[in-house]
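There's a structure below that I have some questions on.
Which chain is which? They are A, B, C and D, in the order written, and residues in each are numbered from 1.
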Amino acid sequence: MLRFIARRLLETIPVLFIIATVTFFMMHGAPGGPFDSEKKPGPEVLARMKAHYGLDKPLFQQYLLQMKHLLQGDLGPSFKYPGRSVNEIIAVSFPVSLELGCEALVVALVFGLAAGMVASLKQNSAWDHVPMSLAMAGLCVPTFVMGPLLISAFAIHMDWFNAAGWFFPRDRVLPALTLGAYYAAYVARLTRGGFLEILNQDYIRTARAKGAGGARILFKHALRGGILPVVSFLGPAVAGLLTGSFVVETIFGIPGLGRYFVMAAFNRDYFMVMGSVLFYACFVVAFNLATDIVLVWLNPKLRFEE
Amino acid sequence: MNVPRKLYLTILCLTIVAGCGKRERLVDIGNRNQELRINNYGEPSSLDPQIGIGQLEHNVSIALYEGLVTVDTKDLSLHPGAAESWNISPDEKVYTFHLRKNGRWSNGEPITARDFVESYHRILTPALAAQYSYMLYPVENAEAFNTGKITNFDEVGFKAPDDYTLQVTLHSPAPYLLSMVIHESWFPVPISVIKKYGAPDDRTNPWARPGTCVGNGPFVLKEWTMNSHILVEKNPTYWDAQNVRLNKIYFDPTEDEDTAERMFRSGQLHGIPQASPSKVAFYRKNKPNLIKVYPILAIYFYKFNVTRPPVNDKRVRKALTMAIDRRAIADTIMRAGEEPAFFFTPPNTGGYTCQTKLSEDVAEARRLLAEAGYPDGRNFPKVEVLFNIMQAHKAVAEALQQMWKKNLNVDIVLHNEEWKVYLDSMMHTNYSMGRAGWVGDYVDPSTFLDTMTTDSGNNETGWSNAEYDRLIHLASNTGDQAARYAAYQKAEAILLDEMPVMPIYFYTIPRLILPCVRGWYPNVLDTYNFKTMYLEPEEN
Amino acid sequence: MIDTATSPGPEPVEHEAGSSFWQDARHRLWMNKLAVFGLAVVSILGVLCFVSYLCPHLTGYTYEQQNLALGPTPPNHAHWLGTDPLGRDLLARLLYGGGISLMVGLYATGVSLAIGVIYGAIAGFAGGKADMVMMRIIDILYALPFVIFVILIMVFFGQSIKLMFIAIGAVEWLTMARIVRGQVMAIKRQEFVEAAHALGLKRRRIIFRHIVPNLLGPIIVYATLTMPEVILLESFLSFLGLGVQPPHSSWGVLIKEGAEVMEEYPWLLIYPGAVMALTLFSLNFLGDGLRDALDVRGSKD
Amino acid sequence: MPLLIVENLSTSFHTRNGVVRAVQDVSFQLERGETLGIVGESGSGKSVTCYSIMGLVPQPPGRIEGGRALFGDVDLLACSHRQLNRIRGRRISMIFQDAMTSLNPFLRIGEQLIEPLMIHENIARAAAMDRALAMLNEAGIPEAEHRLKMYPHEFSGGMRQRVMIAMALITKPDILIADEPTTALDVTVQAQILELIRKMQNELGMAVILVSHDLGVVSGFCNRVMVMYAGRVMESAQIDDLFYDTKHPYTRGLQKSIPALQMKGEELHTIPGQPPDPHRLPPGCPFAPRCGHAVEYCAKEEIRLLEVAPNHRTSCLRVQKENLPV
């Protein structure tokens, strides 16, 4: 197992290297530069700004330089926010996205697993159709519609929450619901499918024959196998959840990392783009690895094969 | 697996239950404690007034720093700021500012004329690459120093004969100098503090952060969480602290105007600087006491690439310009009381209003188009309108496209581009028609008309007119206000005849603001005077 | 749970004959009311949108025809679904936008299918080192934040519909490739393929004659389920403003614009939102139905 | 009083393609310590009969249409889930054909073994594990202690079935229902497993219902046999009576197709034709279309299981009416 993890981690290095390279050249290839603005700075000013960040050097030299800095763990300065480093921005904004992501994940798992399990147990009844229709709705309504709708209903008409912001515990509720809804819907569908398959297995019949009750069958016998598809889905999904959502963070005014992903690209904040892409990639790699480990842990057959 | 889930569930439930209780609106708390909460468009890039440029940085800077001269937002009259008084030499080339003896930095140090000179030294240092250094260019040798032509700052026209006297020498008279001095590029910065955190000419010097930021304004920086809030608190060392009534100001960086409007509605903000057109229409109709619409020094216009056919033909440009209905765009699309623009400089800019006026005349437009070789729009080549991604730009472009189609029978193609791509295309005049906007930096026609000179980086149209350049140069080197404005009139007439630009409307600010915010006045610079502002809810 | 010994249904017999497998699948699909409903909705909408895309005057208004004086009006006799702030007929824009959205969905799915199937089939069939390298590449692409990826593509090459579906397709093919590879690996080991090998058939022939037909089930199902995702992605791009060029409309553009004015002019959100949701619902139902009918397991990876 | 009395059990499945009457009007009794064999081809309803008694028929699509299954004074077909769960796995246990899929691949063997104890008895985990260990030893599994920590896929087929038996018997039930326990196993292993069941039966004194399609297996093992066809009981008798005084043509057919009972060189006997489509059972005797003795009324009259000799029942109309020798 340890060797497996070590090997996967080693494989990560070239993956990250390639991602960094692709990002670098794509970013520099895009039209427009970080210091373009509607009010043109004078040519001397522009030249000096570029020189300050080393953007006057030949592209390949810039690439080598940035790679060197990346190896040292230095993601570089932000162009958009002079005086702040990319490391600092990520350090400040990531915890916010992480918290929101965790809460959304809880929403997704609680609602998704519950709905999916109930639906699979009561297949083809109202208990199946109603939650699954809701889940489908969750998949079909874009987040940027869901968010404003929830705000309108619960923050403005009911006046239970603030319309946006990230200051008080209750500010978490609406964003977590908005962000979690899509994942809850997905989890619900996968859970239902997974459990339906498992509940048809012979060993569930064995468990029944042993006199096991509904809860015992569900949690002891069906859960492990039933959530396998959910786990496979959640691996990459969690990476996306925890690193923030542009739409939700924009609509709810949340100071998270998700906005920087998109805004950095729009601002041509080269180092910020590189930093956030690599950060995200690390997350994806880590969660894919974690998923594989969890899958092996859940499924002893895989363990045997390793 | 089960335990944390239960825990979270409990927390979630508790939060929801807590959420259902009666919520005290943040603005009510603010009203009680004199804490102002305002939306500020977006996240400031830097609170170093020499680095952070733009309206939203300005709004925070004016709370933290005070220039030599301040402006009364009620009538834009000039008042003493860090300088108690000033006098101007008869040839209008030497300005002498007398600083307050009781002026203090927020760390308690006295403010001296030396501080100002060092500040100006810093902003003009080439390595700092300060974008607004040109605001100091009327000063003798400032431009030369900034562009590296001279390296000795003693040659620049800033002198401090003693601790409380600042002498500014100009290369030629500039009657509008004081309106530039109120700009934040003229604010003093605490060089001794800046040096503690790095080189003063390093633009990434992180001194302007909570705990280390030192200013001379009515407020001091307390908290700054990116994309969350900036909190400034009353500065006890400020010379006029007893007249400052607000205790705290929260600047909310929400960029999305719909989100900001919802925050305003749910009582989280006292005011937001703008709302979407449909919201503006709603407020103007249903809640007129919450919305203030007022013009600012800004124009919305289209640029023509005069090097690219068919808009290289003046007649085509004129035809396109004449065939649109500006009133309809202002009233049905923008809907915030925008004034249709029939000339380039906003009316009454420092007393200047252009005498020449564009006309809208579809028949004449058709005639011109036919004359240019496209009778009834026949053979008119494919022309693109370039604009950056934004709902309002899109709506305007779509409306114009239909007007041109209807009135001239020409097919214009719309092309929107992401902001930086758009800027890049504009900069390289890689467009036929392009959306543009310009916000004046100070109250003088020069801030608009200077942009269209041949060597202005903001021209971008490929248009060049020697007479125009001559008139602008003439105007900026004469101290005689009447002669200057006469030159500007002539220049603008040329501009409107040659038509490298197509004015559409003059911007307004549709600001949503609660009536409990007192001492706030709308003005064309859209600037605040936090000193005079306070909160007083109506009794009911 | 009826063990097979006790319920000798007709299925096992029919499985043996290839053509009746499809007949049987069609029968099962036909019995699934939701899937039939989905198919019906998608077909009707598709035809409507397509027709109005071809002849824009169908509703009496074109998608771009404005009436500034009219402005936004709620649904009424002249404009069945109301008008937008520029006085354009929402129904016309909705149908035209539907044409574009569905087209983006179809083409992008097509692109993702083309890349995914070929890539996955080659990887699965080649096996060994080549397979490992190819799957590694997919892992790398998975780790790229695709939002930035799509934004960069749209920014880099300018915004056009063609580009949009290529960009989206280029992002969506990864999962398809994985599924196809898995299927190929599984099928490859089955006897009929080994028999073909033994008969000395050429590789390419084996791939296209024997493996590809057996892949059709999962591919059809996954394609049906990819389309709604693509349409949703298009709406996200529209949210960022990277959608189709104005004055064209798409469902994403309409919903984005509608969401901004949902309190003042709710019909501008309700109708496009409802139609898009209905379409996505239908496609999902259809996909689920196809999955059951074609008995495809784990097609969601 | 019999341990289990099943009366007129009818179970059907309501599918999209129509109603399948899987079990119709099945009655039998099981005495304490007795071994009952249920024999029939695939689809004859023998397994569904057992599932119905155990409450394992999935509902829907399955439905118990009628009848009673009295275990003591509890009707297993009508009692609450709670009541049923107190009986299943404690008083009545069941083992299945495919031990591979019937064991939970995600749980350790030990965990699964002790489950009946954990459910039905107030017992500490450690004590339950000790019992499980003892049970595995009884079931002839070597290195039992080590095996407790292993997963099902690490066992061979025969070993798995031994585990199943140990698991079923760990609560010392009154009845063990064995649903084709040896079908999936090698012949040598088959015998071992049957031997194990017999051994355990002797030790615990329980009754066994052995379901099999193989009359040969049943004949060597059971006291009494019930032959089923198309959901109905064809004949039910003591094992000797069934062989030497056969009262149903179908039973005769089955006997002839036991390879071991045939002469060398003789062609292997098969019953001509196919079992009827369960959706469209023919009227009258379901076996009539394949029966060499069928006459006109066989295909018309409703069949009933009647006692034609002491403890010997048949549903063959001709035997009932004409005492036809088969």
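In the analysis below, contacts are C-beta pairs under 8 Å (C-beta built on N, C-alpha and C of every residue); 3 or more make two chains touch, one makes a residue touch a chain.
Quantities reported herein were computed from a predicted structural model and do not represent experimental measurements.
Among the remaining chains, B is positioned farthest from subunit D, on the basis of C-alpha centroids.
By the count of C-beta pairs in contact, the leading chain pair is A-B. With centres computed from CA atoms alone, A is the chain lying nearest the middle of all the protein shown. Averaged C-alpha coordinates put the centre of subunit B at 88 Å from the centre of subunit D. Taking each chain's centre as the mean of its C-alpha atoms, subunit A lies 37 Å from subunit B.
Annotation: 53 Å between the Cα-based centres of subunit A and subunit D.
The distance from the centre of subunit B to the centre of subunit C, with each centre set as the mean of the Cα atoms, comes to 46 Å.
Residues of subunit D in contact with two or more other chains: 56.
In subunit A, the residues that touch at least two other chains are 30-31, 148, 152, 202, 205, 266.
The residues of subunit B that reach two or more other chains are 258, 418, 420-421, listed in rising order.
Only residues 258, 276-279, 281-282, 325, 328, 332-333, 389-391, 394-395, 397-399, 401-402, 414-418, 420-421 of subunit B touch subunit C when the two sit together in their complex. Of all residues in subunit B, only 5, 8-9, 12, 15-16, 18-20, 23, 26, 43, 45-46, 48, 51-53, 126-127, 129-131, 133-134, 146-148, 203-209, 225-228, 252, 254-256, 258-260, 262-263, 265-266, 268, 418-425, 427, 436-437, 457-458 touch subunit A in the complex they form. Looking at the complex, you find that subunit A touches subunit C at residues 11, 15, 18-19, 22-23, 26-27, 29-31, 136-137, 139-142, 144-145, 148-149, 152, 190, 193, 197, 200, 202, 205, 229, 232-233, 236, 243, 246-247, 261-262, 265-266, 273, 276-277, 280-281, 284-285, 288. Subunit D makes touch with subunit A in their complex at residues 54-56, 60, 81-82, 84-90, 93-94, 96, 98, 101-107, 115-116, 119-120, 151, 153-154, 164, 167.
Of all residues in subunit A, only 30-33, 36-46, 48-49, 52, 77, 80-84, 89, 92-93, 103, 106-107, 109-110, 148, 151-152, 155-156, 159-167, 169-170, 172-173, 176, 250-256, 259, 266-268 touch subunit B in the complex they form.
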